[in-house]
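The structures considered in this document are given below.
Note that chain A is present in both complexes that follow, paired respectively with chain B and with chain C.
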Partner chain A sequence: MSEFTMEIDGVSLPLDEDGFLQEPDLWNEKVAQAFAAPEGIEGELTEEHWNVINYLREYYLKNQIAPMIRRLCKETGCNIKKIYELFPSGPAKGACKLAGLPKPTGCV
Partner chain B sequence: MTEILERATPPATKAPKRKYPYYVINPCETDRVERFLEAFAAILTYSNYRPVLDQYSSASAKCSRCTATCPVFEVTGDPRDIPCYRTNLLLKTYKRHFTIRGWFQAKLTGEPGLTDADIDEMAELFYRCTACRRCRTECPLGIDHALMTHLGRWILSELRIVPKGLEISVIEQLHGKSGNTSAILPHTLVDTLEFLEEEIEEMLGLKMKFPVDQMDREYVFFPAVSDFLMEPETLMGNLATIYAAGGNDDWTIGTGYFDGINYGLFYSDHVLERVIQKVVAETTRLRGRKILIGECGHASRSAHDFVPVFGGDKNYPVVNIMEYTHQMLEAGRLDLDPTVVTERVTYHDPCNIARSGWIVDQPREILRAFCPNFVEMQPHGTANYCCGGGGGTVSVDEIHDFRMEIAGKKKADQIRATGAKYVVTPCANCKKQLRELVEHYKLDAEIVGLHDLILKAIRIPGMKRMQEGGQEGAA
Partner chain C sequence: MAELPATPLLDDLEKGPWPSFVTEIKNAALHKDSCKDLLGQLERSYREKIGHWKHGGIVGVLGYGGGVIGRYSDLPKEFPGIAHFHTLRINQPSGWFYTSKALRDICDLWEEHGSGLTNMHGSTGDIILLGTTTDELEPTFKALTDVGFDIGGSGSDVRTPSCCVGPARCEWACYDTLKVCYQLTMDYQDEIHRPMFPYKFKFKMSGCPNDCVASIARSDMSIIGTWRDDIQQDDAAVKEYADKGLNIQRDVVGNCPGQCMEWDGEKLTIDNDLCRRCMHCINAMPKALAPGKDRGATILLGSKAPIVEGALLSSVLIPFLKIDNEEDFKDLQALVEEIWEVWGEEGKNRERVGEFIQRVGMANFLEAIGLEPVAEMVAHPRENPYVFYNQGDDEEEDK
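== the complex of A and B ==
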């Protein structure tokens, strides 16, 4: 059992040291909302946030990994500046975390 | 089997859970001293480190000439960051526990031998070295302190004292479903390559294909696998260069294995060997003749230096993509427009390919061919400063502050002094670290790969380059 957890609706979700969800299958929309404030996003997630989160989620379920940032930008119509506006801690540490992706490995 | 001449005293007792400067997965918590010595003994038995350690322990004069070259010591001034001091942690353990002379001396002096505190110090200090080998160039006795860092980390890793960022990547590479450090599945690779082909068509108006699983090609390509996530321009530049040089039937990417990254170089000969074997096996499967490594320093050095050691009878030549590009430029098979990249450009040498003098001039000759405003950092080439994230430290997020404020400080100063718009560095490690430095120090520079710039300037017959905003430009 992980040392770090988060409670959502009475379910205890294991996190890694950097706060990434360890079991992406346990993700739901409430998880994304719960991750928002610690990543510097105030209030409710907007449609623009969900556009990015849903794309990441869909890509992840197909590929078990995050897409290239270039691809994320192209397919969501958000340029990199916009991504940082929406997710102040960036595409990997912010957007991917909210979408329930595990922390990327290797030289990334 | 090498015998431990005398076991450490006092015997280690059950210790409370320890803190390391980085995340670790299930490290050895009890009997660490005993297990450290067991691991050391096993490595001495099954490797050639003993003559090296004998030589180094008799030669190390602790003259501290290395202080003038170590970028970490230059910033901290802490005696514990002197390469000789760090190396001596390992050498004194070797002498005390594995040589007759050391054992006998200890009998006379009562020196107790390795302690838990020594192991903690090694766990800290061996990861305050970026293994850049700059100190080696000045050591009058030829000691390679980075090799001692490597050996020290290897022994520690046998106790599972190794940063989590390195270990989980290696576990995925050797035992995971994807078989590579970034966990990219073969179908995702193919999908990504198709995406890049569409991008390049939109950019240059030419249909080019990444050759996948083609047999009997001259080169089998292994980039740092993270390029498939982080460096689209580098990969598109690689393709455009090979295509323009007429070499697109000479290379292939294999879906069986496509990762040049080898963290074994940073912390374990055992891992190093197994990863090299994967590269060699894929080249053999595709009946390739040479191994082509992408823009990555440690991937290049690990393959270049260790395919001959661990590759069995398959001693494939190893070529770095910049060597290939340089060769094509010299042969007049590349046309680079000198009017496109007019901003100031500088080049950061990745230590793993530059320190030995292997790849120093080739990228500069390529850049000078089309970047009229090319300037050098001082010093550069074989005497360059490390980016500050070498030796695998860049993959350890939790030592970010060390990489920014200490190990990378000299490099940030150098970049600022050049006033360059583009800092070219052909290495996945260096790119990540330098981008973090640019952000940390608010530098007005963009970090790019060499082939990223080539992609901007290359001229290929029949192409129609689209300018930013979708306007068609002149070919």
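== the complex of A and C ==
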């Protein structure tokens, strides 16, 4: 059992230390909304947010990996600035987290 | 405060006349619990020969996708002080010129918000602030911007550009490295802070072929100063070196990779057409020789350390470019942006531009970025990687 969890509708969701969902199957729209405020998004998620979130989820479920950011921008029609306006903590830390993807790996 | 942990292995690293990071961490540990745990974990890593930092970690500040590197101990129960121990990269000033106030400001805010440990500087060139918790990231960012600093790059973005001291302190600088570094930093703020490349992209600027920031080995785009006229030569000063005991034949002429000079005991003769711009003779006799007066830079592309593929050095893309004015600089930027477009579109995830060129082939790459191939696009001076050349071919033709 993970030491970090989040409770949604009585279900306890295990998170990693950066707050990413550990089991993408447990994701639902309420989870996305619950992740929003800590990632700097005020209020209800808008259609523009869902557009990005849904694209990320579909891509992930199909490919088991997050898309490259350039592709995300192209396919959603949001340029990088728009992505950061929607998700102030960025596409990896913000958008992927809301979409219920496990933490994107990358080399720093 | 409890005593410092016993660290017999680390203590070994305090021996000898040189500075020791162990001593510095011990000093910091006197008033920071996190540094005490850092000592404990590091000693344990040395003992077990296992690193105890977890891989990865995504943390950051709002609005930025890079510059903060998540670090978590995999032994948080034993070492709670470093359960989070994130690193921040801070954009250094061009050529690392600071006022003492600026350094004090950084140290003070880092004592307040983090471990107090710094690394001046990391191999990216940035100021590295080592060790803080997730909660302290935004306050640190605020405190940094209040004293005029900004976070640098990390991840798949433009890394904080870095340059040698250039014309600020060095008469050999063939272009204004500080200015180019500053301009690239300012113009590519989006690319530095919001990663969207296949992988990292580094710029390093060296004012002359001595390449003091090792740009040829450590940056995707290496901008290295050079000249295209003759080495400036003061014969009287050359003679003075000889009179004072420098063995010019052995130590200067004998070490010239282009074998382009002769010394008759009185006068040094340089065949500048054969000069490879290696700087050796200039370094050996700085009062007598200097780079020529028609100065500019060579643009090289593609170096990287080994991760996905082996290590690469940058190779020549533009043999000579003046970077003295706005127009020149715009030419450089147009080229850079063209490269980003092609590599961004076609590059695979985590593929550096040098690896990309290897995969698609230099000819295809040049065509895609719209650059005409020229004979000077070489990996090494006086070699042509695209044409096989056998010694003796020349002689055949001469007959």
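The rule is short, and it goes like this: the second predicted complex is superposed on the first by the 106 of 108 C-alpha atoms of A that agree within 3 Å, B and C clash if a C-alpha of one lies under 4 Å from a C-alpha of the other, contacts with A are read in each partner's own complex, and residues count from 1 in each chain.
Please note the rule applied: a residue touches a chain if its C-beta (ideal position, glycine included) is under 8 Å from a C-beta of that chain, and two chains touch if they have at least 3 such contacts.
Computed from a predicted model, the values in this text were never measured in an experiment.
Participant: Putting chain B and chain C onto chain A via the overlay, clash or fit?
Facilitator: With chain A as the common anchor, chain B and chain C collide in the superposed model.
Participant: So, does A:G40 touch the first partner chain B, the second partner chain C, both, or neither?
Facilitator: So A:G40 only meets chain C here.
Participant: On chain A, which partner's contacts cover more residues, chain B's or chain C's?
Facilitator: C
Participant: One more residue to check, A:P104. First (chain B), second (chain C), both or neither?
Facilitator: In the superposed model, A:P104 contacts both chain B and chain C.
Participant: Contacts for A:M68 in the overlay, against chain B (first) and chain C (second): which applies, first, second, both or neither?
Facilitator: In the superposition, A:M68 contacts both chain B and chain C.
Participant: Check the residue A:E17 against both partner chains and state whether it touches chain B (first), chain C (second), both, or neither.
Facilitator: A:E17 contacts both chain B and chain C.
Participant: In the superposed arrangement, does A:P91 touch chain B (first), chain C (second), both or neither?
Facilitator: Only chain C; A:P91 stays clear of chain B.
Participant: After superposing on chain A, check 1-9, 19-27 or 271-279 and name the one in chain B that bumps into chain C.
Facilitator: Answer for the clashing stretch of chain B: 19-27.
Participant: On chain A, what residues does chain B touch that chain C touches as well?
Facilitator: In chain A, residues 17-18, 68-70, 104-108 are touched by chain B and also by chain C.
Participant: Spell out the part of chain B that touches chain A in their complex, as residue ranges.
Facilitator: 23, 164-165, 168-169, 172, 177-178, 180-185, 187-188, 191-192, 195, 199, 224-226, 228-230, 232, 261, 296, 394-395, 397-398, 428-429, 432
Participant: Across the complex, what residues on chain C touch chain A?
Facilitator: Going through chain C, the ones touching chain A are 54-60, 62-65, 69-70, 72, 84, 154-156, 190, 194-200, 307, 344-345, 349-350.
Participant: Okay, in this complex, where on chain A does chain C touch?
Facilitator: 17-18, 20, 40, 68-70, 73, 80-81, 84, 88-93, 103-108
Participant: Taking the complex as given, what residues does chain A use to touch chain B?
Facilitator: Listed in rising order, the residues of chain A that touch chain B are 17-18, 63-71, 104-108.
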